[in-house]
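Notes follow once the structure below has been shown.
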């Protein structure tokens, strides 16, 4: 979706400012929020693309001004509310009012290391062959779905060159709708900066994006 | 600039909600702000494109959440500060600390009617001929200037058809930089909704934009 | 205004008072001119102007032609001239095409015929959605298009201002221009709604 | 935690306590697991991992080749596996090309080698500007490229994660991998800066 998260190419936010000696977390709640979101993954109630979509569909003005971990908190609350895992009144006062939903598992302290080390690979076996080869010129589609997509606005309807074939990966547009089994070939595609931004860009520069086959048409 | 103002095609703001029996102004300050901005035009210290650029260069999160007349207030304060008409300390406490700058004129109550009726036409005489004719197919440039422009992101690098020649008008990109005398031919260009938004759009629908010759190249 | 007690003011009201007082002291503005500008847009310039244009176009084919071919001259001929109405374009709805006006980049609006824009017109929901999903916007307003009708959106990117001439409602064949004006709403001249049906005003007609 | 006095908490701290308490009561989370996750990313996984990868690549040409051709296997071989590092790509800076990594759409970042991202990496200024004006971003960090150097930006739009291998600083020819690791900063592995110069650490070397 063309939400507040689709920031590539926007202007007017001012310089990038690095905080000196930035702490890992700026407040106690930030650490708990990060860990809670990671831990809730074990419940098996959503995948990473559903999680991203919950965040990016926040009101854009909120998305742009909230501290990043607050975006995570709002996103995870939205996911739990949508699934009936929690009720608005429960979030209101922090006490259980309805029975919990069954979840896949609860992450225990002793399992944390193994779960983090395992991760969640996104590649899936394939019986098909990639339609594009390294060196092929390709053009991205110009689509503006209201759902989740990983083709940002700045790279829609633009021509680039396949620079690598990255594997056969879960397709976010479908996974965000709960169809977590759909996978497509994933390519690294290199666009010249001038193709993306016009004559103002340095002719030497480029941007790569990792794009799934349904985002691409032969040029 | 690709700032918070460039809203065409964004998603996630929710439905359009009309306020029942909406008053002309929601607070006393809104009426004063509207009138002040109109009145200050007489001072001759900026043109409409400089004024628009002052607003659109507000931090995007502010642009998206401020009431619209507050955007006007922030913009006009920025313009006056940039020109040295007011000092930060003066805005702080509302009293004059430095001598005023000379202005073209102060708008008096008895002149308001005549000034509003006169308006400020944007057409300028031309010795050139328009390069495009009604019916011509044309493609917009893909440029992302950091300064003011009136070619929104959603219509960059897209093909349309000239539907009208509107005159020879002041060119905003230059006027916003103080070059208020530069004018170019202005066209109404019609884009099919599918060209702009892809297959999801209704094939019958279209969008027109009013675009100056420097935004267009022959197809 | 300096004798008012400011403590009850909202932050923006307080800020505007301080700003107005400063700019007055510096000789940049005259508060009486501000009063006059507010008075103008609250009482003298508003959608009644546009309604007069539309009703005239509905009842006088020659004027409708003029409006179609040179909206600026036709509208100025009625005395509706000035700021944010210097260059006008009129677009006519019919059964096959519905027009909708937006300004995605700011809040351009035909002040001379419609007055100041409502909040929703200037808001991110409308400005973002009108160009990518105009049919969704019409749904938000409860406006149902005739089957097969196309939507043409006009994004006011220059100093040209758009006036939508809605379709004349059925059952108004013998109405005068003055009567018809009461059917022409602001929203119908932006394109988010139709003109009112006769029965909506007939009761008090 | 329920015995704490909440009155001194910030609204977000209070909200998170209530949320954690609710989810614990419902059996969705175990607070001890949260402690363990925080401990992991505060002390066990961080840029020191990436620095080890880079220093090894600087000192072992075979490893550098492996990293270039199959970064996932090469990095996993050092034990740096897991969440947000499942699929790795390493890009190598040289005098003609400088690489910069961003995630314009969210905050994708190679956790296994760099830990959690800093705030600026997740912020609108960086995410918006890195793709349209990467040279401006480098200016913001005070990073001056060699003349004629191209900039390649990598927008992490999929589950592949990018690690920048900065150039090995001159004057480190006889340094060990362990010594070199101290020159490899987090920012140099994102691409907003270079690796440190030897004299920056030699004093306490």
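Order as written gives the chain letters A, B, C and D; numbering starts at 1 within each chain.
One rule holds in what follows: a contact is a pair of C-beta atoms (placed from the backbone, for glycine too) under 8 Å apart; a residue touches a chain by one contact, two chains touch by 3 or more.
Predicted model only: the values in this text are computed from it and were never measured.
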Next item on the list: Could you name all chains that are in contact with subunit A and with subunit C at the same time?
Entry: B
Check: Can you name the chain that lies farthest from subunit B, using the mean of each chain's Cα atoms as its centre?
Finding: D
Next item on the list: Between subunit A and subunit D, tell me the centre distance in angstrom, where each centre is the average of that chain's C-alpha atoms.
Entry: 17
Next item on the list: Could you give the separation in Å between the centres of subunit A and subunit B, each centre being the mean of its C-alpha atoms?
Entry: 34
Margin query: Nearest whole angstrom, what separates the Cα centre of subunit C from the Cα centre of subunit D?
Written below: 53
Item checked: Set of subunit D residues in contact with two or more other chains -> 124, 132
Next item on the list: Name the residues of subunit A that each touch 2 or more other chains.
Entry: 2, 9-11, 13-14, 56, 60-61, 64, 144, 196-197
Notebook entry, point to check: Hey, which residues of subunit A end up touching subunit D in the complex?
Noted result: 5-11, 13-19, 22, 24, 26-29, 31-36, 38-40, 43, 48, 52, 55-56, 64, 67-68, 70, 73, 77, 85-86, 90-91, 93-96, 100, 103, 106-109, 111-113, 115-123, 150-152, 154-155, 164, 166-167, 169-170, 172, 186, 188, 190, 193, 196-197, 202, 204-212
Check: For subunit D, which residues count as touching subunit A in their complex?
Finding: 10, 12-13, 15-23, 25-30, 32-38, 40-42, 45, 81-87, 89, 102, 104-107, 112, 115-116, 118-120, 122-132, 134-135, 137, 140-141, 148-160, 187, 192
Next item on the list: Going by the contact rule at the top, pick out the subunit A residues touching subunit B in the complex.
Entry: 1-4, 9-14, 56-61, 64-65, 141-146, 153, 157-158, 196-200
